[in-house]
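In what follows, chain A forms one complex with chain B and a second complex with chain C.
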Partner chain A sequence: MADILINVIIAFLAGSLLLGLHRKIMARVQKRPGPPIIQHLLHSLKFFFKETAFPKTVSKPFYIGIVFILAAVWIVGVIVGPVTKNSLLILFGVYAIYKIVEHNSGSSSGSPYGKLSCVRAVLSAATELPLFAVIVLVYLKTNTMNIGGIISYQSVNGSLAVSIPLAALMFFLLLLTKSPYSPFAITKDKALVSGFETEHFGFLRGFIMFAESISWYVMLWIFLTIFFGHLSVVGYIIGMIVITFITSFINSVTPILNPNHSVMSQITIGAVCFVGTLIMIFI
Partner chain B sequence: MVNQKSLCIVLLIISTIAILSCFVINFQDWVVYVIAVVGIPLWVLSLGLLTMAKPRPEDVEERVKEPFTGY
Partner chain C sequence: MIEYLIYLLTFVVGSVLGLLYSYKQHGEPFVADGQLNILACIISIVGWVLAINTGNIILRGIGFLLAGFVMGERPGYGRKETIIGFVIALIIYLLLHWII
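Up next is the complex of A and B:
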């Protein structure tokens, strides 16, 4: 339990700071000073003490429960990833449930913005196709879905980022989709206010930010571990900062795509990378 | 509101005891995972429901109005 608690706290703190850094870099690219890097962490904590009321139109158990599920899902991510280094398939399940949370969070509120975001969450399930393809490709290459096994494989055969770079690109696409203000983030399009989070304010927003910080850390950890093997603490820190920098740069200079273009872009890039990686593995 | 507060205090105590018990008792791995997956979010949720500020009685009606639907 100590191991899990420590990893959850590290994931929350590191994830919050990385998301703060993400926001800062985006602001600097857009020639704004931006908030301090620690702002995301402070916001998450501050919201726990903010005035919170539950709108009349929400389905209350569902409205609160879905935020609980979001946190539970990413704690499973911490356990499967950094703590036990278990199967990638469980992580695929975690990500699938995350999509369900997006969908149901939107539908639990009475807001039309939340509901529209809920519909878009179904469309954005296209992001799971590249993730599933990555898992298949990594399995074909390493003959294991176990993260520990993949680390061992890379310690003998070298980094997977070198041997199957297009699969790494597909996973990076998933990270890009998951990052704030992403061109593929159709569920949180600003035309929908805050999308499925629109009606979750005050303490519940703080709870969502807690879970999202953990999710950003877990996703980065998995990417680095699967494609670069087991790194030192410094290696993980540098890797996470670099990826956060790249995603924030892309997001700050790219407008959000409309849902059709977003889905088609993800599927097209995923298909090209999948076929390309298969060719690299078998030919 | 009083019921919600009592429920949150009970849930906070239960989740705290469940998490702390994992340090004292040598449970099987799956039990620890279940307690972590349920207990940690429950602890945060119950703590948050206790720490959050409530609107003043005269403002409650205004706060719970759905701001976007136009109902």
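Up next is the complex of A and C:
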């Protein structure tokens, strides 16, 4: 229990700092000073002490409940990933529930921005296909879906990033989609204000930001562990900073795609990488 | 894992203190400060050296607190000091572990 609590707090703090770094790098690329790296964390904490308002149009039980589900989902992500190193399928389930949360958070608010974001959340399920494909490919290569087993496989046979690089690219596409201001982040397009989060204020927004920080840490941890094996703490820190740097650089110089282009790009890249990896495995 | 939590917490606390302190010192609109702050530089060097080169949890915690203090200063301040401190700590680490 203590281990879970420690890992969740680490995930929250590290994820917040990484997202702060993400904003900072984006700002520097765009020749702005940008906020301090600590800003995302301060922002998250601030919301817990702000007044919480409930719009008249909301479906209240759903509107409130979904936020706690979101936080719970990513806490499960920490337990399945860094704490127990369990099955990748559970993590796929976690990500699938995250999409449902994204969808229902928008629809329960009653706001037109939230509803449009909710519709786009259905479209953006295209990001899950590469994730599922990656799990299948990793299973075909290693004969296991257990993260501990995948680490053991890599300690004997070398890094999966070298043997199936296109699968790593697919997973990186998922990370890119998940990162803030991503060209594929159609659910949080600025035309929709903050998308499905638009009508969540006060401590509810605090919980959403808490979950987002944890999710960024968990996704980076999974990517590094699946494709680079068991790294030292310094290895994880460097890996997470490098990926955050790359995604922030891409996001700062790329405009957001329209929903159709976003989905088609993701599916096309996913399909090419999937077929390419299958060829690499079987031929 | 508890030690990493301590390091993260001390770094965060140091950053918050650094931010508050530097806003007290510099209330003006954003200017990229070209001058090196010697005091901040010394704090940064001590912080990073302690954080990277000691094996003791308490000393490392203090190191991350000091390093975070300078790194967390308001935008435009503490950049050069942080880089100098980190590079010196890294050189000392390499000297201690690889060369000697």
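By definition in this document, the second predicted complex is superposed on the first by the 283 of 283 C-alpha atoms of A that agree within 3 Å, B and C clash if a C-alpha of one lies under 4 Å from a C-alpha of the other, contacts with A are read in each partner's own complex, and residues count from 1 in each chain.
The working rule: a residue touches a chain if its C-beta (ideal position, glycine included) is under 8 Å from a C-beta of that chain, and two chains touch if they have at least 3 such contacts.
Everything quoted here is computed from the prediction, not taken from an experiment.
Applying the stated contact rule after C-alpha superposition, one finds that A:37 touches chain C and leaves chain B untouched. Of the two partner chains placed by superposition, only chain C is touched by A:14; chain B is not.
Using the contact criterion defined above for the overlaid structures, shared-chain residue A:210 touches chain B, although it does not reach chain C.
With both structures placed on the common chain, the touch criterion links A:4 to chain B but leaves chain C unconnected.
Chain A has more of its residues touched by B than by the other of chain B and chain C. In the superposition on chain A, contact of A:156 is made with neither chain B nor chain C.
On chain A, the patch touched by chain B and the patch touched by chain C do not overlap at any residue. Residue ranges of chain B in contact with chain A, taken from their complex: 19, 22-23, 32-33, 35-38, 40-42, 44-45, 47-49, 51-55, 60, 63-69, 71.
The part of chain A that touches chain C in the complex is made up of residues 3, 6-7, 9-10, 13-14, 17, 33-38, 41-42, 233. Those residues of chain C that touch chain A in the shared complex are 1-2, 4-5, 8-9, 11-12, 15-16, 19, 30, 32, 71-76. The part of chain A that touches chain B in the complex is made up of residues 1-2, 4-5, 8, 48-57, 64, 67-68, 71-72, 75-76, 79, 110-113, 193, 198-199, 202-204, 206-207, 210.
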